[in-house]
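Read through the structures below before going on.
In the two assemblies presented below, subunit A is common to both, partnered first by subunit B and then by subunit C.
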Partner chain A sequence: METEQIVKLEGVYKRFPAGKTEFTALNNISLAFGKGEFAGLVGPSGSGKTTLLNIIGSLDSPSEGTADVLGKRINTLSHKEAALLRNMGIGFIFQTYNLLPVYTVYDNVEFALLLQKRGAAERKKAVMEALEWVGLTEKANSKPSALSGGECQRVAIARAMVKRPQLVLADEPSANLDSKNSHHIVQTMKRLNKELGTTFIFSTHDEKVMQYLDRIIQLQDGMVVNQTGL
Partner chain B sequence: MEWLSIKLAFRNLMGSGKRTWLNVTVLSIAFVVIVFYNGLLDGWNLQAKRDTKAWETGSGRIDHVLYDQFDPLSLVDAHAPLGDMLKAEIESGRAVAVLAVQASAYPNGRMVNVLLKGIDPAQKTLLLPTAALDSGRVEGDPAIPVIVGDRTAKSAKLKEGDVMIVRWRDVNGTFDAREVRIAGIFKTTVPTVDGGQLWMPLEDLREMTSLYGEATYLVLSDEVIASGDFDSTGVLSGEWRYVDENALMKEIDDIIKTKRASSMIMSMLLLGIALLAIFDTQILSIFRRQKEIGTYIALGMTRLRVIGIFTIEGTVHSILAILLGLIWGMPLLKLIQYVGLPMPAGTDQVGLAIADKIVPAYSAGMIMASVVLVIVTSFIVSYIPARKISKMKPTEALRGKLL
Partner chain C sequence: MIKFLLKGILNDKGRSLLPIIVVTLGSMLTIFLHSWLTGVMGESIELSSNYNTGDVRIMTRPYANDKEQFPNDLAILESHGLVEELKKLEPQVEWAERIRFGALADFPDSLGETRGQGAVVGWAVDLLGEGSKEPQRFNLQESLERGRLPEKGGECLLSEDLAARYGVSPGEQFTLFGTTMEGGFSFTNFIVSGTIRFGSPALDRGAVIADIKDIRAAFDMEGASGEILGFLPYDYFNEEEAEAVKGRLNAAWASDEDEFAPVAQSLRDVPGMADFLAYSNYIGSIMIFLFVSAMAIVLWNAGLLGGLRRYTEFGVRIALGEDKRHIYKSLLWEALMTGVIGSVLGTVLGVTVVFALNSHGIDISGMMKNATMLMPSVMRPAVTPVMWYIGFIPGVFSMLLGNALAGVGIFKRETARLFNELEV
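Entry: the complex of A and B
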């Protein structure tokens, strides 16, 4: 039985102005991701990994081609519709964690639920559960400045997962972490992928991350040059 | 969401620490100064009106139609006999008649232009100490008792008991002269009953000018106005017109309005500095916090709501400033109100009643208006830079790229 496709890209191009000419960051990308996949976009810097993740995450739109994510066509979404899609269905994990520095760990994780206007009791339960997933319940009242890099990234995972999104996009999540922490956070994500059925799409060039991926899509100069694990 | 924006804005402000408190402190100074200046002017306005009413205008006036208090030449013709109705008001003690005549006085060998004003020494409508016009009369001395204000006494180097000659034209235009004796010198905050004016018994002036039974204007007491006999400015008969309190106070209102405009410049400058600090902070925040903005957007916040957070953040500066201003400013302003603000010597020469001390008046309306001014202006200076967020690409914001 075929798995449900939650991301479908067809003939996607992304061009950016570069002086008087254009730079093509994505060149005719056609890909699909099914529900519950643990997949990675790999390739060197400038290969188009982050650009592709941004389009899937509705932070950007294709110059040409179509991108359908969670049943929505990214090309035609308004700012407000794109925000709603991200709010309800997509979690983001960034290389530099992007935690809000003036908030505590609890506040950072709760933030996504506040945007969903969930009740206080429901928020508290969900936040504590998410912190438990990443093993940071005891750090709930700490500020990000008091945490290590690995802990920060685990908070970012909890923030991405707390709203139980169908899709999590992780942009170089291990780039700022040491080997031990890299393994730890990818193992955490893998576990959540299995337990909650969440689709994870990574962009990475970290071998330590790649070994956990079920599917690897290799990009070069904005094109898919190889796929494994299909 | 709005509550969330306010909550987030407060968290962000508290997280900014010293920068926030510096802005808030400067803005709170501006707020207190605005309230102080407005209170000072309102207090001055109240005092000027209260004193002018008590000393000069009463609760209303009935003027001869030709009388123009700013044109001494109008006095030649601005007088008429009083009708029965006006006489009745005077006899009942609810009004006092004043006859004004231009004259020259010769104090200490100098000549000065003066205004002779005849008034009933027994009157109680005005605060002028006219009783001295009776008590100061010296038996067997033909000199007419007069009272003058201390400004006039000082400029003419007059003191109580001094005698000088005054010269005037009678009703036929013939020059005549008499000696007058300074029976009293009064101190008043109202320069318009003082400068160059000699107050003398009405009947003496009528006799001097052969204007028997005539007057230039009548000052009305509160009782007359309360009776409703006169309700709005206008001509009563062919020779008299009623001038209500508002019309009489227009001069003061105009002067206060001018003073308010000029004194507001300073408070506006201060407010401008404070708002510039907020504007700068907001601009800096948007550059410095691009990743944060990108994160908000990535987490599902619309740009409009991000703009809202930044605008509220700036506006919250003003709310904190008002609270801080109330904490340190209210006791200070109350203290100034309690002790009064001493006015430097010479300020009573501005042509408007100024007491030795001005007691500021802080009305709820004025404080609310100042609060609204501070909040609205800080909202505007916060919103303008926040609009830049709407031009920001979330992908570039996440990377912290400059706009």
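Entry: the complex of A and C
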């Protein structure tokens, strides 16, 4: 099956200074992700999952090798260009939700669109639609502190999806959730993946998440040790 | 976006409460101190101007060189003619002839023997002339302690402290010993019509205020005046205007070869006054500078704490595709809005305090007993147009400065670091 590649990593290394020497967090990673994939990085703690997601998300750049995401070479992007790439093309979902506590659910979801300088009417329509995807239209005016963990993560999904990015990166999205909520949010994302064709890349330890993944990439000590589902 | 930031400020007390309190207090204090200094200094200057120097002062050249001694042998002759000339040259100025003198007052007992003698400083001014503004300049009516103001020639006023020291009551007579213009000895009897207290210890110690006609007669100074004072039509000392008048007059008289040609000086030329004026002009900016620095340091720290608390927010905003530069700018916008909110509150409070104290004043006469400087004994802040905006200078500026400094710390962090810190 030939699909359009939206993420392409070739010979990626990431080294962090560790005292006098260097610590190699990613060791010669070459991977590609196509449009509409629902894929996951799995592996023990410290294996480099977050580091890899950060590079794909243009929050960090490789020490060596090349990373191309949505047609942009991450290695050479300026701060501003990287911000623009994230703004237009990439959504993030975090383990700890990271909603802005002083704003309402609605404001939290709307923020991504404010950055894109969309008009008010358009923003409103998109925000309400995103809240509908995750079943939270009734909570639009609540503050995050009034929501359960599962609801918070659904708001985070709405926030990531509201701008309809081509790529969503989810770093251990279920780690703080109980079993029922874990299933619920992954099902929600899977549905959006099917309906909107959005590419999802997870990092996870969670068996409940893994069962939904079309493709599993196993990392260990910064290297890809196994892949299934290709 | 502005609306979004404003919502954040209003919803997040931790972000806004401390800065707003600091800014409110800072701009309130700035306004108060500015008005206070302007009021107190302005009133001191007014006193000097009204009692001693006018806004500009005309003397003969040799008199001017020795003016602290009141050398009346060097007085302006035919001074009325000079006043007429001055009225033509500078019609906006009000001119008043005066004679200043030092003398000895001799208070007799009922038998005419000397009961006591004291040195006095004298003001000879137009007390009795119709429409004279001199009584008003000395605030005589309000300063009267006992008796009444002089109503005819031969009457004069004594300062209350002096009268009390020698047990003199209104209606009693005393003898003034002085020198004539020719250097001869003169003595003249005066009746004390009343006693006055100016509230300025430097004046109250031993002052005689008499009508200029009587003093001319007493000291053989017919047609002469020691000084001609010019008063500009402003409530406060208008330094620029006074200097301009002085400059024009001196230019007109520059070519006069006469040894006793007139010369103009302004209030500035009083010894120490130039410094005092410079001080009163710059004290405001120094004060604001100090406030800005102190407040900026407090707000910088508040900004740093607030920034640390908001790492998650910054991380999320970066992930959502906001440029760090943009986040930095939005912090400055927040600072601007917080600063404006605080400054508005501070201005309202500060202006209220100024208005309240302006109408009451604070009586400091108790502390001023031994002062030699001409100072009012009731201090009040001045209501000036400046007070409506001066609070915004420290308020907004220190908030911007503080947050700009705090923001640099956040701005300098690597994107991934900032981001990792939030992931913990």
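Heads up, the rule we're going with is that the second predicted complex is superposed on the first by the 229 of 230 C-alpha atoms of A that agree within 3 Å, B and C clash if a C-alpha of one lies under 4 Å from a C-alpha of the other, contacts with A are read in each partner's own complex, and residues count from 1 in each chain.
Keep this in mind: contacts are C-beta pairs under 8 Å (C-beta built on N, C-alpha and C of every residue); 3 or more make two chains touch, one makes a residue touch a chain.
Keep in mind that what you see is a predicted model, and the values were worked out from it rather than measured.
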Inquiry  = Applying the document's definition of touch, where does A:Ala83 land relative to subunit B and subunit C: first, second, both, or neither?
reply    = both
Ask   = For A:Leu59, is the partner it touches subunit B (first), subunit C (second), both, or none of the two (neither)?
value = both
Query = Counting only touches as set out at the top, which of subunit B and subunit C does A:Tyr103 meet: first, second, both, neither?
reply = both
Ask   = If you stack the two complexes on chain A, which partner ends up touching A:Ser47: first (subunit B), second (subunit C), both, or neither?
value = neither
Query = Just subunit B (first), just subunit C (second), both, or neither: which does A:Leu115 touch?
reply = both
Inquiry  = Counting contacts the way the document defines them, which residues of subunit A are shared by the two interfaces, the one with subunit B and the one with subunit C?
reply    = 54, 57, 59-60, 79-80, 83-88, 92, 94, 96, 98, 100, 102-103, 107, 111-112, 114-115, 159
Ask   = Tell me, which parts of subunit C touch subunit A in their complex?
value = 1, 4, 7-8, 11-12, 15, 312-313, 315-326, 415-416, 419-420, 422-423
Task = Note which residues of subunit A are touching subunit B in the complex, please.
result = 54, 57, 59-60, 79-80, 83-88, 92, 94, 96, 98, 100-103, 107, 111-112, 114-117, 159
Message = Considering only the defined contacts, which subunit A positions touch subunit C in the complex?
response = 50, 54, 57, 59-60, 79-80, 82-88, 90, 92, 94-96, 98-100, 102-103, 107, 111-112, 114-115, 159, 171
Ask   = If you look only at subunit B, which of its residues touch subunit A in the complex?
value = 1, 4, 11-12, 14-16, 291-292, 294-295, 297-304, 393-395, 398
